[in-house]
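Both of the next two complexes hold subunit A, though its partner changes from subunit B to subunit C.
On to the complex of A and B.
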């Protein structure tokens, strides 16, 4: 009896649901285009999906601790533009510029985190402000259109991979980086930091009274999000090149992905793998739209519908929250 | 209206959640003007029965008759219209509105299409006067009221809707001692005016003080309904737990004497308390007694660094410590089981295990592999009843949740443990277990500071009782002192 109930609860658990969805969307893609699952095209798909998946991991840390990070799209854009302007086609500048980008990503995360935790500004406002500041500052700096260009060695991460692998063709660096980020995130959530972050997202007061440094943990989550945006920026820049629109609207896509992964807004719930799987579902869905020849302009509307449906679903299946629903066995 | 039929007759009520039976063929009858207690351990089905009556849940089987007419509620509003009012632990009041506006919410008296404020205030004043409440202004904003006055507002709202039956779920759980008095008078007044009261509580004293008849539930079944005069507290406890609890409080082990001073506060004071001199020795349970607002919780919060002492000195195990926050306190070996376990003690959507190791995870100074390895053992030594360590704590009963809170502190192996209202809202069996846990902790050499508003608890469990009045220590009594002695100090009178 309890086992059957457990199974039912587990299958309809939002965290598990996203993996079911992933299988369904992939099945639909396969039905439309059986060739999709050949090595090279699958690898191409994963290469393209990697930045969003990595952003989802970063956003997960922020959301699970009870905040939002709306600034990631603008940060991705800023990083690409900064890279192009500073490298300006010079191979020798690649490494120092990468270091500068990492520091900038950490800096933006720190500012987001400190304003939110020390000044007690709601993260929605903090990061919305950061989005606008980054957006405006970059346009001011570049005079409206991005200048300079990326070096070849910079573009390797987003474009290249281990070549000439049997069956698969190319194993993209982006995929390997994505796997590393995923593994690192899973491990991080198992550390004391991860546990404190989760507890703080669930009940800030209880965590603080247990001695947790809630503010520090949340700030670190923003830093991780800034780092994920930096990595995503490197990959997207390498893959797609430089333009003024890079990163536009990515914050909403990534939040949709994390919510689809069953990570409850407000914090304290959900797994990082499910959040990353949510990003894969969205990318697969966009692929499906391409195959169905639906216009790309439909995407925002679909994202909006998904985000509402996912939250509504999570709210509906939450079991009866009274203590009476589970009588104490004796 | 038929004079012979009882006001309320529930017969053969069944209810299951997700296939798990919570109530099976429960009967309950309440007469007009009767105060009827509904008691049982947590999980016995009291709240579910009350919620069926309030229209929150619908019974799977069985009949409900009000005034001899069969009714069936599928929505709380239907129950309200039929004259059943429920005062739950969480109020359904709008804090930004006045008492009068809340009482008439959705049924505002109108004059020429506009709300007639004067009529609303007058009508509310009349209801309050009928209840014998003089110190509550109909124009007061609800958010600024004490819990007791919010409760009165809720009851006034029920009566102005013509309720014949008022259900109260743990009405005194959040009340200060002086306010409990007010509730007693209110219940008496309801009885006089012929309104029936269904009273759900864990506090035996209130039940014997207030109620005419008592219905006991256990594991979703009706055990018994008796007249209060025909039973005793011991009998009642035995019916609730299905076994007789010999002695309610465990005695100190023979041959153990308090050891070294582990916690010492000298001249401690801040904005709320002053001149606090306190010593708690290893193996000793010191009770802090006092009326609500006397500074009991404030001392706990100062010792734990939530609102630290700004004057005086604190020593732990003979070493002076400056406790400026919970992290400092935890580092010094102090633990605090807070008053409100849901808001302050637990991350409800996390697992038993995640909560039990929270203090270790959050503090590098107390974290160790050895201590982590002990967590499971601590949980089982507390007789935790859960489906497993990965079950979310929100699904546990109050008593089991409290055990998780205690476990998370024991995991850090503190030298001093402060327990603020550790048994609030938990059932008799779990209370008894906690009492013996507290005694065992002392026997292991911990210094225990115990705060409880139920005097009987402090008197029965503590080796020494420090009584507070108005933020200062009014006197000290040995364990086993009488309630009168404690109250004399607590109310600021010199004991005779």
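On to the complex of A and C.
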């Protein structure tokens, strides 16, 4: 009895809304097409969803500390285009280029973080500026459209997996990377860094006065976001190859995912697991729309309505100051 | 209390889904009912244009087939002696809509190479250009700036959109400068010449007819489209719908992809999860390879497919040996406007509407085109028509 009550309380706390929604959307997908839950197609779904889930984890760190990172979509696009141009089909260049991409991702995150924390520029502006800088620089560098191509070994991460697994077919590398990033993020939020990050978003002054190095933590959050965009770039590039539109609009999709996961814009509340679940919900919604053969022109409207409904529902719960309604970092 | 809220939210969400499902069913059925009749009421379908473009495909163009960028289909020659200038060394100005996709990038390189040749022969002095970055307002002010400068002896415009740019083009015509329009059109015929390949209907029809011929009746076809609301792309789909309606093919859906490879692969993968897909129709070749890879990764047999003459698609086509066609929106049209400018400034006749040939690349020509373009990057277009320019091949490789 108490257990049932406990479960009920858990299910209604704001971060849990997203899991309820996830179950609902999956139920609807199942109703439309039971075949979706067969191993291979479920694996294909997770492979395709992995980049957004990873981006959501990165964005979570930034949002929970009270900032935004609008530059991730442009960074994903830049990474893929840079990789294609530098690798240019040569297998031997794969490893050095991957290292260069990681450094570039860290560099972009560091610049975002330092401008926001040291120069006190609002992150919305910093990262919007970074979005435009990356977008423009890439177009300048490539003359408007990407050139070169990715090597087969680069594409392994996003396209291949462990083959011939019974029932599942292929376990995509992307899924394993996604699980690793998820586990790493959960552990990270349990460390001192995670608590400082949460405190910085909740009450910056209080956190600073209690001796936490807020600026350093926030900067690190941007670096993590830059890293997540790099991983997502490797996976998206691997999944589908290069196109000029890679990454377009991803920043809004991922912020939507994080908010859908019950993470409060402005920081201080929400769990990284729920943020990643939010990304899965968005991907599952795309799948559902596809199964329903909903006209493409109507989809954004329906997606918007569902998101507003879900977030509004979660927001109604928030002011209640009970122990269960205060999410713990994890 | 809490459970009721969950229930309410769930009901609301389901309600939205169901409501949209219901409302969207109706128009689809309607469309099927009327599909047998000519859908001339469609916003993007003009029966006369459709008929003309389909007929133009079979008309032998005037001019040397070795230089298709100088050929013209049923030209009506106009006199340009009023614009004739002595001594060459003319300043030619070019207002470009953008170089925001590989097709435009390829064409822009070709145009610059052509300009170089004409500059060396002394037919063109200065060549000025502006890039509006797909922004109508920017392009209107670009055109205005060229007109106000008074330096342009000829003005080439590649309009970003049709209706919005029309007044700016009219103003340019009134200034007395010979105006040359190419690629997308405007709603005025004040320009000396309007250069374009046959058009979107012909592109869409070439692709749709190929699928109808190469697929068994009852086969399933998925249509992948870039964006709604762009006339050249809408015309392609309108023509395809017209041809599919008279066929025995089952159209599974038409999806907008934004030309994003990841999106294309997601969509095709999902359709493959739901059932067989025998054919793919695309309104442009961007991301075609991602669609083919979706079949590979799902372990499904290759579809019969139409893409575009972008090399990434053609190379994949050759590699897999699939049944495919590369419809072409002639990229070599980027050479024509600068040549037209020199013709007009020399007082030579030009066609009022300069319709360039537009022939798809078939399997028979595939190897030959790939051989010619062997060293070209994958986002290059096979029918770019610059093989005889002095900058070939370096200018197109190093972009």
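The rule is simple: the second predicted complex is superposed on the first by the 288 of 330 C-alpha atoms of A that agree within 3 Å, B and C clash if a C-alpha of one lies under 4 Å from a C-alpha of the other, contacts with A are read in each partner's own complex, and residues count from 1 in each chain.
Heads up, the rule we're going with is that a contact is a pair of C-beta atoms (placed from the backbone, for glycine too) under 8 Å apart; a residue touches a chain by one contact, two chains touch by 3 or more.
These numbers come from a predicted model, not from an experiment.
> Contact-wise, after the overlay, does A:176 reach subunit B, subunit C, both or neither (first, second, both, neither)?
Neither: A:176 stays clear of subunit B and subunit C.
> Hey, is it subunit B or subunit C that touches more of subunit A?
Of subunit B and subunit C, more residues of subunit A lie in contact with C.
> May I ask you to decide whether A:210 touches subunit B, subunit C, both, or neither, giving the answer as first, second, both or neither?
first
> Counting only touches as set out at the top, which of subunit B and subunit C does A:133 meet: first, second, both, neither?
Neither subunit B nor subunit C is touched by A:133.
> For subunit A, what residues appear in both contact lists, the one with subunit B and the one with subunit C?
On subunit A, no residue contacts both subunit B in one structure and subunit C in the other.
> Going by the contact rule set out above, which residues of subunit C touch subunit A in the complex?
So the residues of subunit C touching subunit A come out as 2-3, 5-6, 9-10, 12-14, 16-17, 20-21, 24, 98-102, 104-105, 108, 228, 253-256, 258-267, 269-271, 273-274, 286-287, 289-290, 293, 297-298, 312, 377-379, 399.
> Okay, in this complex, where on subunit A does subunit C touch?
8-9, 11-12, 17, 20-21, 24, 28, 33, 35-36, 40-41, 44, 48, 51, 142-149, 159, 236, 239-246, 248, 286-288, 290-298, 302, 305-306, 309-310, 313, 316
> Quick check: in the complex, which residue numbers of subunit B touch subunit A?
For this pair, the touching residues of subunit B are 17-20, 22, 41-43, 45, 47-48, 51, 219-220, 304, 306, 326-327, 330-331, 336, 338, 343-350, 354-355, 357-359, 361-364, 366-367, 385, 387, 394-398, 400, 408.
> Using the touch definition from the top, list the residues of subunit A that touch subunit B in their complex.
Residues 1-2, 5, 192, 195-196, 198-199, 202-203, 205-213, 268-269, 319-330.
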